[in-house]
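Below are structures written as structure tokens.
In the two complexes below, chain A is the common chain; its partner is chain B in one and chain C in the other.
And then the complex of A and B:
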């Protein structure tokens, strides 16, 4: 019998103790590995530089909130910016030389818990008339990757049509050709939803992007403003920006779009439809608001110039999403994941102590067997090696199983993140850091075995052979 | 000559720190293939002598020389502990009064374990042969707990002979067995030692056992200055 066979037989002999010790190592390593994977990939995810656009423009306020809300579709919108800023980006001498692509977005509604985003067909490679844009004028959601249609087509810019993300069908049951009504905001559980009157028809489904866009319903920007409550709200916001009385502005707006209406509380419809279903909006673009504008600058230095110019104005703020998320990760994720990692390492250390105690007790109970091995010709060094190797083997087996379970845990986390953020972790890759950790666990386990091994080393043979 | 002892001394420390001599043998020899019974009452030091002969204990003084064939004699008393362990694994077989099988190992594995520390490749066919010889060919893969005491002792006999030792040291191998099993086991030990051409030194306090040997000595005869 070789040493490995002897060790396995010894482990089998005290199977329960071995399995429990192995389990404690497994749990420690699994926790640590899961944290390592999440930490590594969260860093990659949130610290990424490959958003496909350089600048995100939105309301002044929290840069993190702006990025979360616009890119990951979580958190509340930090507020609106005037639509005129978007037209300025495309046409004003101050901004136009800096901007290669700009796409406006507006949010505020949802359908069955999934966000509705108002935008232009240009986000999907078409101009407002439905003609394809030159490739260099199409925004990339990741470098080299643009949104692609899996079924149907892109919505018309001025119709009640919708394009849904790849996961929306499974999440909301919406299918191509279905109609739906938007819910104002994102109602809390138990809250009575405020359902808007307009009905959108699903005309297209996007291919999976493995980003949060897979969980989003896209509608024409124009259709977003047809919602009566939005119209009133935007009028009030414009009045506030201009230093006017918002109540008076709303009253004037209502009188304009619905003369003679009796119910002062109800927001009036501010659009009509022509025979082909094209929206005729009675709300001036001066009043329109946007949640954000995604901008790809003509170059990196020009992106910096654009941010400088926007941030020094009073209307909006401009941020680099990659930098914002990197800062967020550094400030809010690195610390907690470090604590988690420390806890995991402590759990692993405790598991190491568990190995020590388990084998130490077994050595105490096996003094006669050890003496017998010695009597059969095993040297002290061989006994020492067998005990240390047994501890190391428990560490290795627990470590490898822990590595597997840790990655499965990270996989579960990845699934949850995909549901929440639309982004997933690369949980199948094993990197060098985990290899070092595993090696550390085996060394720790072997060292833990050294204490009982030394006890076994010192076991008096003659005394234990005659003792019964 | 398989083993010869000269001026071998060993003492124990008494509870009050006094020196208690246990072994003081001027000369004793065991020829190649010879089978000798060593008699003596319990506590006389028979096991201590076997431990000294096996290199498990070291003597206070004297020589324990093993000579195998034309090879130079090896004085076990002068070897380091590790070399004594290796020597024991390669050349000696040891049968304990209680069988001392490892509970986590099957009968066959217990015999194979006896080969693990000899420095020679394991020989499973020989291990199986030995177990068949001791009548356990149908119980190769039984754990000790599923064997009777007599069967366990027979496994221990097979294990002691696993390395084809030149000398077998047996310490009261029938002491825990009933009369029939004791007789069978004794016959087995003697027959297998003859088969592998091993010398046998068998310790027993049972006169009926020692009477079966052509040569039987008592520890009292060997010890020159130890009070009985």
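And then the complex of A and C:
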């Protein structure tokens, strides 16, 4: 009988204890491996770690909230900024020397839990008349990458048309040619949804970008303002900005767009459609609001100047997405995952102690067998080696299974993240860190076996044979 | 912390900025108005009569320079055309520059290929962003990812001095193709 057969027989003899010890190692390793995968791929969770634009302009408030909301389509919008800021960026002497491309966006509504973003066709490479823009005037969502159409076409700037992200069809069953109505906000589960009246028709599908944009429905900016509740809300916001009575402003607006209508809470339609379906909006651009403006500065040095200029105004803040996310990863993500890693290492250490206790007890119970082995010619060194190898083997088996389970855990997390953020973890890849960790677990387990091994080493042969 | 410093650099609370409409008052504060420098802290003379003229590059030379030493001249990007001849002559020189890295494209600190090098973080909110002649536009050689150092870094690479323009607007004047980045000395 060789050493390995002896070890397996010992393990089988006290199977329950062996399995429980192995399970404790497995759980510790699985937790540690899952944390290692998340730490390694934390950047991928947010899809983008590089950005095709330098500056993100939005309402004053949290920079992280602005980036999360605009780029990753999570969290609430920090608020609205006036549309006039967008036109200023493109034409005012203060901003024009700094700005190469600016694209406005509005958010707030959803369809079956997926965000609707109002924007201009320029985000997809066309001007408002549908003509292609010069390549260097098309905003890149990542360096060197622009949105591409997989099927259909880009929406018209002034029609109830929509362009859907690559995953929207699978997530909402919307297909090319389908019509849908937007839901006000993003209702909580169980909340009665407030469905807006306008109907948009899907005219195009985007190619996958592997960013959260794959889960977004894009509609024309103009169509976003046709939603009656939005019109009334924007009028009230403009009045508040101007220090006027919002109720009076709304009453005046209602009288203007729906003369003779009964003065109730119902928001009036603020648009008409011509024969070809073009929107004629009765809401002045002075009233329009934006959630954010994506800006590519003419150069990176000028991006600093642009942010400084906007931030020193009173109406908006400007942030650099890369900087905000580096800050987030460095300060808020790395710390907690380090704590989790420390906890999982502690769990592994406890599992090592478990190996020690389990084998120590078995050595006490196996004193006669050890004495017999010695009597049959096994040296003390071989007994020591057998016990240590048994402990190491438990560590190795628990470690390998833990590695497998840890990756499966990360895979489950990856699936959830894909739904939430549109990006997944690279959970199938095993890297060097995990290899070192596994080697550490085996060494720890072997060392844990050393204490009972020394006890076995010192087992008096004659006394144990006689005693039993 | 370095990151906080850069946030402050771009921060909302930087000085008593213009109020009211966005464009108002920007002409005086914008980094484009280089001559309206708030470089009171800088002791490097920039006056054409007082500034130190850069020595002509020597063959095989790698020159250590401070950023403000390199950009030791007044420059108004709205006017342009006034980069001193001795500075223009530095184009092609290998330089070693110390400053703070500000990657504006990549958030992954292990994969930086494009970044700005600026003299300081200016953690105090009552200042101005670096002027265009004190902002080095850096790209790593062959776009090879290089590490990001949140504290001071020393970059080595080939300097290009030129008025880079787009639609008639000056967008940068100093570019470096970076071949090496090391952590800067602890001060």
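Here, the second predicted complex is superposed on the first by the 445 of 468 C-alpha atoms of A that agree within 3 Å, B and C clash if a C-alpha of one lies under 4 Å from a C-alpha of the other, contacts with A are read in each partner's own complex, and residues count from 1 in each chain.
To be clear about the criterion, a contact is a pair of C-beta atoms (placed from the backbone, for glycine too) under 8 Å apart; a residue touches a chain by one contact, two chains touch by 3 or more.
All of these numbers come straight from a predicted model, not from anything done at the bench.
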item: First (chain B), second (chain C), both or neither touched by A:139; value: neither
item: Partner chain(s) touched by A:100 [first = chain B, second = chain C, both, neither]; value: second
item: Partner chain(s) touched by A:382 [first = chain B, second = chain C, both, neither]; value: first
item: Touched partner set for A:327, first chain B, second chain C, both or neither; value: second
item: Touched partner set for A:13, first chain B, second chain C, both or neither; value: first
item: Contacts of A:174 with chain B and chain C, given as first, second, both or neither; value: neither
item: First (chain B), second (chain C), both or neither touched by A:311; value: second
item: Most chain A residues touched (candidates chain B, chain C); value: C
item: Chain B versus chain C as contact partner of A:370, first or second or both or neither; value: neither
item: Interface residues of chain A shared between complexes with chain B and chain C; value: none
item: In the complex, chain C residues that touch chain A; value: 3-4, 6-7, 9-15, 17-24, 26-27, 29-32, 77-78, 102-109, 111, 114-116, 118, 128-130, 132, 135, 137, 148, 150, 164, 166-167, 169, 171-172
item: Touching residues on chain A, where the partner in the complex is chain B; value: 1-2, 5-6, 9-10, 12-14, 368-369, 372-382, 461-462, 465-466, 468
item: Chain A to chain C touching residues, read off their complex; value: 43, 48-51, 54, 60, 63, 85, 88, 92-98, 100, 143, 298-305, 307-327, 329-331
item: Of all residues in chain B, those that touch chain A in their complex; value: 47-48, 51, 54, 56-57, 81-82, 85-86, 88-90, 94, 96, 98, 100, 102-105, 109, 112-118, 122, 159
